[in-house]
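Look at the two complexes coming up: chain A is in both, with chain B in one and chain C in the other.
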Partner chain A sequence: MTTATEVLSPADARTRPQPSTRGWIARIGVMILLAAIVLWRVATIEPFWADRFALAAIYGIIGLSLNVVLGYTGQVSLGHHAFVGLSAFLSAFFVTEKGQSFWIGLLLATLAGALSAGLLGLVALRIRGLYLSLITLTYGFVAVNSIFDIPALTRGGAGMPAPRPSGFATEHKFALLCFLFLGLVLWIDWRMMKTKVGRAVLAVKQSEAVAASYAVSVTGYKVLGFMVSGAFAGLAGSLFAHRATTVVSADFSFREALIWVLMVVVGGLGNRTGVVIASMFFALFPFLVGLVNPLEHFVIDTMGKDPEELTLVIGPALALLTIILYPGGVGEQISPITRWFRGEKFSLHPDGHKPKGKPHRAAAVLRHLVRRGR
Partner chain B sequence: MRSAIVTGIVAALIGLVLVLGGGAENGPNPFVTLGVLNGAIYGLVALGLVLVYKGTRVFNFAQGEFGTLAAFFLFFSIDSEYGGLPYPVGIAIALTGVLLIGLAMERVIIRPLINAPRVTVLVTTIAMALFLVGVEILAFKAEPRSLSPMIQAIDQAGDVNTIQIFDLAVEPQRLIGLGVLAAFGVLLAFFFSRTDLGLAVLATSQDSFATRVVGIGVERMSRFIWATAALLGAVAGILYVPLTGALTPAVMTQNILIPAFTGAVLGGMTSLPGAFVGGVVIGFVQAVSLWAAGAWRVGGRAIQEIVPGSEQLAILVVLLVVLLARPQGLLGRET
Partner chain C sequence: MAVLEVRDMGIRFGGLVALDDVNIEVPEWEIVGLIGPNGAGKTTLFNCIMGLYQPNSGTVTYRGRDVSLLPTHRRVAMGIGRTFQNIGLVRELSVIENMMIAQHARIGYGALAGIFGSVRSFAEERKLKAYGLDVLDFLGLSDLANEKLDGLPYGTLKLLEIGTVLATDPDLVLLDEPSSGMGPEEAHQLGERLLKLRQTLNLTVLMIEHHVPLVVDVCDYVYVLNFGKILTEGRPKQVQAHPEVIAAYLGSEAEKVDADAQEIRDEADSGVAAASGGGKERDRGVS
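Moving on to the complex of A and B:
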């Protein structure tokens, strides 16, 4: 049956030469090897870094959550600190105050995230334009100043305890759990974009009028996108809570929401792999500075700064550079590798593949000069 | 029709302030007067937001940080430990500095994106705001400083030098804020309806290609918009920060930007008089909600003990109601 949202596969996918069986084995082998190295490192590294890796995986989920809004629906959410934070508090609340298991808390937190994002989305879509950014911004403002201060839910400033599940109490096991959930979110994201829902969401982003004329529900798919994003954020919030084992509202500030938006931009809008890599970089950056001895010395002793403060300058600067010069972000830069994994030949400049956005200013000037010289 | 709405709202506001503000001892009087004066600052920032929105159709999330930067420039110019300059010179330095930063940002960041999708430009303003906050934290540390107001509220003899309005001592700074807002509102309204440059800016926002065809430089318009927006933000910062008592990085973004956005939406994102009225209404609503949360009781406890942050909740409620009931705002046109 042909439905409105069914899109034929692009011509190059059908005519493109496919790798041989050995080629596929090589690709799958490298992929498994990469995953094994990551999991092995997480399982054997010292507890301090295992804990940081858990945070990196959670940032990866948050990045994917924002990627759904920014990259797929083409809207902006500035209230993700509220979605993540509220779900963190809810998860801790259900586990500590109501005596539920971790898994129930996780499920309820995920549902709460989906529900709040969907409701805000419904209001925002009443008017054309990027009003979701304003509504989520204000919602985040309310969450920080009001909801996170409700004594019954958050125990005020002292924080709400959030014990880890018994099977995943150590840093290593919890980090592995976070990576498993990151894998799950990646898989859901991938499958969603391969099916009718994903095609419809992208069609709505491209042109609402055309999508609507093909009987694709514009509002419906946008709200669905927001709800998926909220669900991912809720899941991340629950993991965040039980990683820290105490939830305090100071962890979820407006600044966090902005950093999260920017890390998705740096990763490349709509590019799953790039977003996860950039998110992990943003999560680990303050600790990576500590790894490089001369750098740490320079930042802490010579400049007298906290590496975490440095993230606030480096992050936006990276994002601005990405937007102006490399609109494809990390995802665009690593595309030769990801395209090889998808079954194409390894090539730095694949046929018919042009970089997104405007060419580099310097490159344009050069080309102009060369043409005049001829 | 529109002027009737404006007149109606202003009259209703003045009436409410008179009735509530002059009322009994435990009435909401001090809250309301202060709220309306706070609303003037919201209106000033909202004017800048509406200006950029009219020109580029994008919400400018960096508008608040122009104000914080201006306050920092002013602080370092007049503080005896650093500049030790007289106050008016400090103001001039602050305005010039922020104007230059606004121009530089327009040239380096906004100009290359002149044909980019709106989401991209929106995210860019977010990155600009966070970048400025990051630079402020790196350069000035996150410690609070105190910036003195234009006219000292305490004179040499130690007496409080304030003006009495409805049994309420008001700092002169707040009244200056209201005056400046009114002046800017009239000036900009005149500019957009009567001058060639104003009309050209509006034309650019509607169709930049067609504007180019008739010989108007889109770049010049963009430069003009961002310079004016930076200036408006700087004025708001200079007026507001002395009232809060603490100058910290991101202070304007945290305290003013969100109420100002709500005010701008309430007024209709494209209407300059709307931004003026919307900002003041938001200040009023916040004041009433603050009073109500303390005065009204549910089950023997004041509302603020059960759910804190009534001021912020009021803003969300206003925003949701406006978007649900009248998405084009009080004075905006359907887009």
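Moving on to the complex of A and C:
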């Protein structure tokens, strides 16, 4: 009796009008084209910029790592420099001192990141919110002042050499490797949020009682969330070490942890595309300053600052603007495009509805400026 | 054998005794009501049964097995489903995704397989979605499958919550005020739906409910909780007539009494008005 209707309307057809086959081909085609352009630029650009792009990809992975904690589990980690740094030192240590291959070092660093973050996850079982962020903060400081000072790891402060793998020694090839890993992390992040782990983590974030009533193990998924974040951070740490080819403690300070939190906020909490874009911007920003001569002159000569320090001025400013004008961050701004890639019709507003009420404040400000300009 | 047995349940919050020596039994295929004034400890009892609170004393036995020491999610996986007084749904997920998370215990792939995107995880996700849509169809909510929860009416969310509990595949369901926020007509429909659900899914139900007509309509047996103790128990009609129950409700729900008294006064006034009006007419008739 039901077979006729089942044939006519299979389960998935009941959900959302899907694009035609040609629509999907167009979307996948554009996506591949975008990826190809990025990879082609990375492979052909001058070595200086290829190296910077490698850093941008690593920042993308770090951003996604923090996004798991901030966006998905709803906690704040101010100690991510400890996870990244610890893994960077371990990776370099295993490759240089223990004679392991780069790939073993990378794997061990990823595992170390997952384990150390898992420990923090166990703490997070009892503490959350402000107190947890304080714990992560102190965790970071303790790591910096203890582990990062161990002479065997840092070679007495001189830095641990971290050679690149033989096939990826040049700037271009290592940058490509970093982008491939960024792609892998994006895939994992996407699948995680599409399947049971993502739903469980979001449920735990909202209410532990509700999550448990859906048979979700609150303990397990809290720790798992932190471990995934730690694994991403560990992977990024290893790549960071071998990009720089020497790991020094100074690379991992609280300053970095702060910038990483800011870039996730600017990218949009829980929005992976926005977070990657914002993270790359934050990684490249100090070098972008060098492209604009008057700005470079102003920063270096007038302000007497290194362009890198400017990130800590621009970062909070951007974060503030984001929170006031666009709480969804970069991810919200590019949402018409990401929605199209997901298979919806292209429209500036979700479901083709125009927003009710006043036009957006940012749009109003812009319009005002344009009018005055005329 | 009873599906659920609560024995000597007691819990204190500081100096406050929230539950004291509570004994409850829910037999197979019955709908058992749990009523009592606000603050009587009804939801606290639910939380103790689910393991969200750790009681100071007492045991919870589910189908002959002592589950007192199991964590909440294990109890749910065994077949105890539960709704919340103020809607236990995940706001960040869409309607269909809420139906999918409700099936969490029966997902046929591991967490890591899902994270790395194994072929099987894709197929299993399609199955979860199809089953979720079937349940939504059953409740007449399938049009809303892709909607976000924000902006959906309260009654719809209440119904959806019942849907998610059904998707956890329970055989005992604890409902916390399922008719809250509903009008009398909707509440009546809900009662019929509950009876139908029991008929088709062989459910056993324990429910907290304030709406008396609904309790009388659907419940086979009623426990009355007051100040953390079982005041009385019995068939709905018997309990309704019990003097202590009337006293407990009237004593604590002063507002309602006031409202009732106001109604009586209004009626009396209008009666007087009608009478005096009649009097005028009579007067006129005389003149």
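The rule we apply is simple: the second predicted complex is superposed on the first by the 324 of 374 C-alpha atoms of A that agree within 3 Å, B and C clash if a C-alpha of one lies under 4 Å from a C-alpha of the other, contacts with A are read in each partner's own complex, and residues count from 1 in each chain.
One rule holds for everything that comes next: contacts are C-beta pairs under 8 Å (C-beta built on N, C-alpha and C of every residue); 3 or more make two chains touch, one makes a residue touch a chain.
The shown structure was predicted, so the numbers you read here are calculated from the model rather than taken from an experiment.
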Touching partner for A:334 - first (chain B), second (chain C), both, neither: neither
First (chain B), second (chain C), both or neither touched by A:194: second
Which superposed partner A:146 touches (first chain B, second chain C, both, neither): first
Of chain C and chain B, partner touching more chain A residues: B
Which superposed partner A:209 touches (first chain B, second chain C, both, neither): second
Residues on chain A lying within both footprints (that of chain B and that of chain C): none
Touching residues (chain side chain A, partner chain C) in the complex: 11-12, 14-16, 187-188, 191-192, 194-197, 199-200, 202-203, 205-207, 209-219, 224, 228
Footprint of chain A on chain B - complex, ascending: 57-59, 61, 109, 112-113, 116-120, 122-124, 126-131, 133-135, 137-138, 250, 253-254, 258, 261-262, 265, 269, 306-313, 315-316, 319-320, 323-324, 327-328, 335
Partner chain A, residues of chain C touching it in the complex: 47, 50-52, 71-74, 76-77, 81-82, 84, 88-93, 96-97, 100-102, 104-105, 107, 109, 111, 114-117, 121, 125-126, 129-130, 133-134, 142, 145-146, 164, 168
Of all residues in chain A, those that touch chain B in their complex: 70, 74-76, 78, 123-124, 126-131, 133-135, 137-139, 141-142, 145-147, 149-150, 254-255, 258-259, 261-262, 265, 305, 309-317, 319-320, 323-324, 327, 358, 361
